[in-house]
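After this come two complexes, each holding subunit A, first together with subunit B and then together with subunit C.
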Partner chain A sequence: MLIVGELINGMYSNIALALKNHDKKIVQTCVLEQITSGADALDLCCGPASQNPLIDMPWLVEVVQEVTDKPLCLDSSNPKVIQAGLKVARNKTIINSTTADVEKLDILIPLAKKYRSGLIGITISAKGIPQNKDQRLELAAMILNQVSEKGFPIAELYLDPIVMPINVAQNQIRDILETILEFKMISKPSPKTIIGLSNISQGARPRSLINRTFLTMAVASGLDSVILDPKDKELMDTLITAELILNKNIYCDSYLEAYRKK
Partner chain B sequence: MLIVGELINGMYSNIALALKNHDKKIVQTCVLEQITSGADALDLCCGPASQNPLIDMPWLVEVVQEVTDKPLCLDSSNPKVIQAGLKVARNKTIINSTTADVEKLDILIPLAKKYRSGLIGITISAKGIPQNKDQRLELAAMILNQVSEKGFPIAELYLDPIVMPINVAQNQIRDILETILEFKMISKPSPKTIIGLSNISQGARPRSLINRTFLTMAVASGLDSVILDPKDKELMDTLITAELILNKNIYCDSYLEAYRKK
Partner chain C sequence: MDAPLALEKWSGVISTVIIGAKKEEGGSRSNIIKIGGQSTLPLLFKEGAIPNKPKIAFEISDIAPYDFDEELTTAYGKAINDPLAWAEICVNKYKAELLCLKMQGTHPDFGNKSPQSAAKFISTLLSKVSVPLIIIGSGDDAKDNLIMPACSEAARGERCLIGCAVQDNYKTFTASVLADGHSIIAESPIDINIAKQLNILISDMGLSLERIVINPTIGALGYGLEYAYSIMERARLAALSGDKTLASPFICFVGQEAWRTKEAKTSPEQGIIWETLTATSLIQSGADLLVMRHPKAAQIVSSHIEALFKE
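Let's turn to the complex of A and B:
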């Protein structure tokens, strides 16, 4: 499982402040805390607080690279902001994200190819949020089609079924779990799968319990990667245990500690 | 989800003592605690401590019936002990359990019919513990066959895939989850499915974390009923949340409390 830490995001007040003052200490501390907690990669998002994301994104990339060589997810809905980050990235990158819209795919697939970046394809389009599994699979097929046509490697594509908040779309959650399973069967080789976990509990409570229960089911559905808060220890313990149950780590009495050291 | 409380069992020292002295207060307190915590039914097992289970089992049934009318799982490998319990039961009963052996089925199916009891059929036989999904399904088919032949209603049959401890048979656990899913498709109408949850973490640790993570996956696989410790609050919270995610309870901010009151 590729664990992407979600905490470098301008929607959090500490990161908003760091972006405002270009205070790299705050960012680097948050990066190292996430890595210590188990993050394999870091999501970088300037968020709505950023006055100038074209400057802030490359600044984030630079200051994060000073303390880690782990992969970076460049998170913006604006391809120019993503490109500004890609230009200064030495670490492996993943573009977060393209929608299933031709205009987006026409820009972001060539960009991902040029910079040898991974690409998250989120099954949503200008027409709105899909309402069921078939609509998600249709959008996924459209993304895969474009990716194949443009010669981008499918193994570097991360399909995101777009997780909806349980208090908004409770009847869609089971469908989303099945979609993860079906994304893996949609082509050979399979694309990777990813979710933004925290969405499930947006506006709901108890957030951590809902997050970790949903994550357990998503892992059982074959999820490859997840964007989450790695500092949520109970969540990380659950994730490690879910992978243990599916025989991805070997059991020993101290498996939680053993996995963390690894 | 039918939640069967597992705590009335002679392998626990308080119940062993209660059986020894026929101290009904201990048993009744434990029953009421389990019901308050969310148990829908009670497993009754004399266990190895009992000198005379033919007397102890009906005694357990009688004293439990004094405080609740919830269903009782009569848990013994000896059909005579089960029959002794059935004879005095006024509450709904479930026989726990028959194996996939003709000698057992020949006795327990007619007994279940006579007393209008449910019947747990565990996919194990005198030949030993099954090693994979196919062997489990084969034993399930054998049980179903006997049940149909003897005119016992399939909807009253609870198939148990026999959960193995993760520290003994880690590579079988995924198979067991898939078996639960396939048990539901093995006939129309479907049999019910049940597991003895605590087996998964027998001799392992941390027990509660392993139990609740496995249970979440089993619920997603379509599990109908589970024998567990309802006094494990984190486990029960996880179970309620797993059913919430699968849209079996309606979300509200106080869904945990709301479900418990129900």
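Let's turn to the complex of A and C:
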């Protein structure tokens, strides 16, 4: 499981402040805390607080690279912001994200190829958020077609079924889980699957319990990677245990510690 | 048309463990032995690196052996009653590059030697032979806790491999090995979960995972070899997939298991065959160190290893 830490995001007040003052200490501390807690990669998002994401994104990339060589997910809906980050990235990168819209794919797939970056494809489009599994799969097929046509390696594609909050679209959650499973069967080699976990509990509570319960179900559905808060220890313990039960790691009495020694 | 090889890309690598220290490294050995370091499954030379061949250690003990078959005692002649002479025959006549010494004489039932006497034996042996040493306790937990620190200290700086630490009795072993600069053998009863747990417990005491060799416990051909084989294979697959807590080389006590079988006792030739086939099968499952008894079997297996690695 690729664990992407979600905490470098301008939506959080500490990161908003860091972006405002270009205070790299705050960012680097947050990066190292996430890595210590088990993050394999880091999501970098300037968020709405950033006045100038074209400057802030490359700044984030630079300061994060000073303290880690882990992969970076460049998170923006604006391809120009992503490109600004890619230009200065030395670490492995993953573009987060493209929607299933031709105009987006036409820009982001070539960028991903040029910078040898991974690419997250979210199954939404300008027409809106899909309402069921079939619509999600249709959008996934569209992304896959584009990716294949443009010669981008499918193994570097991460499909995101777009997780909806439990208090908004409770009737869709089972479909979302089934979609994860079907993403893996959509082509050979399969694309990878990813979710932004915290969406499930947006506006609901207790958030942590909802997050970890849903994560267990998603892992059992074949999830390959997840964007989450790695500092939530119970969540991480749940993830490690779910993977253990699925025989991804070998059991021993100290399996939680063993996983963290990896 | 040749079918293309299906090659796996592994993220993990097995630790390299060095046994023996030369003079410039603070020891007095004439050679050192390196095991492990693979980044692929056994013998898949085209898939990944296999920097070190499996190595054979000749098994000796600090007293005349009590459980050696007649064929084995005959192979070493009268020297077998004098452990130091026995060790010299292994090295000088049979060209052993590594000895595995079992401190059998310290066992309460087999002489009950004191820690001082055990330490003295180690010092004398180190002065008589110059190859690296593996030192094994007698298997009596309480006595091993007294003896092994003395043996470890007597061989300080020689970078020995010391064992066998088990889940109920690993702390004294680990502390000694840490203090005297050796590496450790972690033994589990054909149980991958315990093997992993023990490696974690030992590394929690401060001994790095790179200084652990796993004794998975084996059965001889016809006596559970396939169970050991599958445990070793599973551990190796996990290690190559990135599980550092299982990325240790394996030591297999081949001679002891093979010569216990009734088949081995049937005829001298069959004993040698049994030990040889047990060893060669274990090489296929990833054994890095083979502790062997009969010089003839050791010689056949040694030639076999050379042939396997000839490419």
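Operating definition for what follows: the second predicted complex is superposed on the first by the 262 of 262 C-alpha atoms of A that agree within 3 Å, B and C clash if a C-alpha of one lies under 4 Å from a C-alpha of the other, contacts with A are read in each partner's own complex, and residues count from 1 in each chain.
Assume a contact is a pair of C-beta atoms (placed from the backbone, for glycine too) under 8 Å apart; a residue touches a chain by one contact, two chains touch by 3 or more.
Everything quoted here is computed from the prediction, not taken from an experiment.
Participant: Going by the contact rule set out at the top, does A:25 touch subunit B (first), subunit C (second), both, or neither?
Facilitator: Once the two structures are laid over each other on A, A:25 reaches no partner at all.
Participant: Identify which of subunit B and subunit C touches the larger number of residues of subunit A.
Facilitator: B
Participant: Is A:188 touching the first partner subunit B, the second partner subunit C, both, or neither of them?
Facilitator: neither
Participant: With both complexes superposed on chain A, which partner does A:257 reach: first (subunit B), second (subunit C), both or neither?
Facilitator: Second partner only.
Participant: Considering only the touch criterion stated at the top, classify A:237 as touching first (subunit B), second (subunit C), both, or neither.
Facilitator: A:237 sits against subunit B, while subunit C stays out of touch.
Participant: Name the residues of subunit A shared by its contacts with subunit B and its contacts with subunit C.
Facilitator: After superposing on chain A, subunit A residues 250-251, 253 contact both subunit B and subunit C.
Participant: For the complex, give me every residue of subunit B touching subunit A.
Facilitator: Residues of subunit B touching subunit A: 166-167, 170-171, 173-174, 177, 200, 204-206, 209-210, 213-214, 216-217, 220-221, 237-238, 241-242, 244-247, 250-251, 253, 256.
Participant: Can you check the complex and tell me which residues of subunit C touch subunit A?
Facilitator: 192-194, 196-197, 200-201, 203-204, 209, 234-235, 238, 242-246
Participant: Subunit C touches which residues of subunit A in the complex?
Facilitator: 249-254, 257-258, 261-262
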